[in-house]
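Several structures are given next for inspection.
The same chain A turns up in both complexes below, where it pairs with chain B and then with chain C.
Now for the complex of A and B:
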């Protein structure tokens, strides 16, 4: 019951944050140089007069600002994110068509990065000062400093061009109409490179954090007690240290969710993965601001959802935390 | 006369001693020294770029698709339009460092102001400012940077401002935490009793005491800002008149199968610079916060 109230409260807060993002979007369009109708229609000159007039009518651009804001917010609430003149489709339709691909990519990368990161971090902490530790530390340091899009390109170069092991482009094999299990396998093959490159950067962060956090917990008195009692070292690492050290990692994972979505823009662009990140890049190229803001809104919503989930997970891992 | 020199001398030597201690602690971290050397090399490259490559990095100087090491003077090869990649690397160092440093200054200005006000005054102001900070922390920051630069048109200024706007929240949280704990300390109470103004206490009494964690954070932020700048210009959101590493990779992306070197070298340049800054940041952390430093690890 208490948990339900907590989740409900977090939901209300999430709705307020979303509303604030809608308002931010509204002012961003108006802050852009030029006429908002032109801005929404895409690069000046690309849209015809009738469409511009229609936009002006629809968004009440001749009305006072607060009326415009009201129209904009109520549109978004009904999931009407406007029309993409360049793609000739409603923005909402374009975004939601692409969303599952992004969810698959970011979700896989997220799980991969946490599992690998915690595992490597724990391994490094358990063998602190030995060569395993140094190796993991150096690897994490390097990946933490590497631009995501560059790792992606180099992965294509190595695994796709030179070795020919994995496809480096798209989500499905072109022309091969697989069905059933073969189709799933095909998507999985295409997923490996993008998910791995996106996950590696975050793996580095989680590994560094897990290592630092575990070293800190290892110095605490209850660990010394466990050691003095003669608890097996592996058990101390697993049960006593890791469980306590993992909390800051989960906190960070929630915060990093936003970065993951941003990283998806780069990964999807390089791998031509048909998600909302790629859509954002296309919108950028065509200066399709309505679509750009639509993607921005939906990805923010995704991040808020991610945060909500990590908050709930947090309460499950650490029962001491008061739900307030 | 004699008394002034006597009182000045020990003070100066105490300062020199503190600096020597700082250097010693920094040098104990081998990685940090390596990082500093790399960083100085990048700064030097940025400074002497016009001497090394008098021609503009946009100028076509050789045949296109010239592989590296093939022709004397073009060790890094040329790109799809016959521009020298070496020149691009040298001039790219300038924009990376400028954007990295200036956007960090912007982020620090916003973050320190908000964090200091929230931590010093507390109460409703603190609540409001922290909600504001949380909001900015929730928004996916790379996506926001893209939207900001796209809407305000790509230029060095808009890139710097966008990166500054998306990177300040961690600074605000850090500074607020420091202010919260320092505010109740005796020297601050004493200043209040002496009747010093709030502005004076914030800027002269508390702020200098928060400097070391902020300096450490700043060095890591410059690294992140350079990564962000390269990502933006990779997507074509860089200043169209400035040669940058991200732009070079973005422009060479479609020919990766034929010409690996065009995207390989700029990527290594970004990697080395960011790595160097991260290492220096860790070294600064060891040197400035000796009590928190990892004991022999």
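Now for the complex of A and C:
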């Protein structure tokens, strides 16, 4: 019950935080030089003043800034994210069309990186100083230090161009029109490279974090108590060490989870993945204000949501933490 | 000693990693432990007493530290040559162990019951239902409240004393033949310590166990030991029945150690006259925690209506257990904390009413000596700079302040060349001397010493206490001495104020408080001091006096 009240309070606070972010985003975007009218006029090759003014009036950009803000905020409060004149569709429709693809990619990368990272970190900590530990540490360091896009390009070069094992771009095979199980398999094949690319960096971080945290916990008194009780080493690692060492991993996972929507721009661009990241990237180049703000809004909401989820997960793992 | 020995340690040597201060942590020690006896292993830090216990348990941090010679015979087996799996069978079932720090010795994320149950699980005994019943029984045996439900609690709900009881329950779950207790009461308050000692004694008698009890505290030895082994630099220098070692120590080191234990009996002291230098009136301090947008903070009163006076040349002891608010009062007086009410009158000024710039020039009159000689000195500063920093901040020219720092280091018994070195190059006792020099640098009239000797070994403790007394005498200082140790308080305080839950419950001349305590809490506190019926034998005191004369001449 106390937990529910806490969550309710946090959600109320979240609404205000979200509104503040919306306002901030609004000004942030206007701070960039150029506006949608200029971009469109430029693309049309006819940059004459009257045409631009006409476009501005059409998009409502001729109103004073505070009026524009007021209109946007009062729309957002009713969960109306506006209309993308550029794409000629409502922003909500565009965003929610693209969202599943992104969530599939980032979600897979998220789960894989946590599972593998914690596993490798635990393994390294359990065999500290042995060759397994050295190998894992080196691998983690390499993926930690290498830029994401470079890994992505090399992966495409090796696995799709040279070896031809996996598709290198897109989410579906063009023109194949698979159905049922074959379609799922097709998407999975397309998923492997981008998900791995995106996940490797975080996997490396989780591995390093888990290893360091476990080594710290291993020196703690209660681990010695467990040994004095005659508990077997494998159980000590699993029950006593790992569980106590996992808290910093949860903190980081919360941060990564907040980026589930907005964190894959680079990967989506390299692999031509039809997700929200690319939508945002295009919207940015075109100064498509409403669409851009819409994407920002959804990502901010996700960050706030996962912060809350992280805090609740803490209390499940650590009984000392109370929600008040 | 009719019982036969069940544990025989013979010529045990344990190596230290290269680069340590000596090659062997423990050197060729031999002793036996019989059924039904409590053997106290006494020594100062670094004497190898804990190593010895860990060797028996097979818990040494190998390969850096490992046994290199000798045998440990237990129930017909040599523990040193057993494989790890066999040792694991013995640990927790035939040999139990409890540790010093109850606050960290339990897994914070696991219910108490599960942690006790893990002993049965590890050794594969009893059915699920039997185990549950046995856990409740164990919790009851060690005197914990509400044993039926306590198993469901997490450790953070329990106090230090309760956690140590849980540890004991865990160690005794399978009725081991031997219990090894490594400083099990050192981290506890004195009244809790007395209860835990009683509990260990009672359970030992009921189960006819052999107990190896490791401690640095001769008071505890006097309370609990049947036999005593004294360790120094990895060797046993003296061993014998408790009666004999305590009252007729033979070895020089034993005599020195025993002589360093402060007497429980406070000496006669002249009443100190004169106007108060510091007058604290109705001091209030309340801590408020976690105030949020929707939540009200939790209020913890740490000082309520605290009033006392200190005269020039007087030492006032502020005694109490952890959480009594004694350190808070000390910090308020030094004005490291803001107060919530009351006066701290120092001469003409009320320190409680001053803030920021107005307070700064008055700060030099009251200086503090901290408890932890390791944490209270900046590791990146040279000792000379640390000592001179205060005067420089108050406007003394740098060169002059540094010259004065040399004098002060000499005054506290350090070589003036110490000024050019860093804190980590000094031992705990030497660092505490540096801390005293630092406090004296501002020529204060009042010293606030917050547990200044609690982190030190007993022989070093005696030296630092002597130094404080001498300096106080020479500079005619007043001192507020905060301590939990009534033996120390008895020896150095003129007056004593006993604190409990933020209030002073008794206040008077030390001798009167000890001889005729009025408040029930003071009585309980005094009754709990370990070894109070044992008085330091003359042979040890004489030895110390001779030693002092030799040093003087």
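In the analysis below, the second predicted complex is superposed on the first by the 274 of 324 C-alpha atoms of A that agree within 3 Å, B and C clash if a C-alpha of one lies under 4 Å from a C-alpha of the other, contacts with A are read in each partner's own complex, and residues count from 1 in each chain.
The rule is short, and it goes like this: a contact is a pair of C-beta atoms (placed from the backbone, for glycine too) under 8 Å apart; a residue touches a chain by one contact, two chains touch by 3 or more.
This structure is a prediction, so every number in the text was calculated from the model and none was measured.
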item	value
Which superposed partner A:100 touches (first chain B, second chain C, both, neither)	neither
Which partner, chain B or chain C, touches more chain A residues	B
A:220 touches, of chain B and chain C: first, second, both or neither?	second
First (chain B), second (chain C), both or neither touched by A:232	second
Contacts of A:244 with chain B and chain C, given as first, second, both or neither	second
Which superposed partner A:9 touches (first chain B, second chain C, both, neither)	second
Contacts of A:270 with chain B and chain C, given as first, second, both or neither	first
Chain C residues touching chain A - in the complex, by the definition given at the top	57, 59, 88-93, 96-97, 99, 101, 104-110, 118-119, 122-123, 154, 156, 167, 170-171, 290, 292-295
Complex interface listing, chain A residues touching chain B	17, 20-21, 24, 28-29, 31-33, 39, 128-129, 141-142, 144-150, 153-154, 156-157, 161, 215, 255, 258-259, 261-263, 265-266, 269-270, 280-281, 284-285, 287, 289, 292-293, 295-296, 299-300, 303-304, 307
Contact set on chain B toward chain A in their complex	31, 135, 137-148, 150-153, 223, 227, 230-231, 234-237, 246, 249-250, 253, 256-257, 260, 263-264, 267, 270-271, 274-275, 278-279, 294, 297
Chain A residues within the chain C interface of the complex	9, 13, 220-222, 224-232, 235, 239-240, 243-244, 317-320, 324
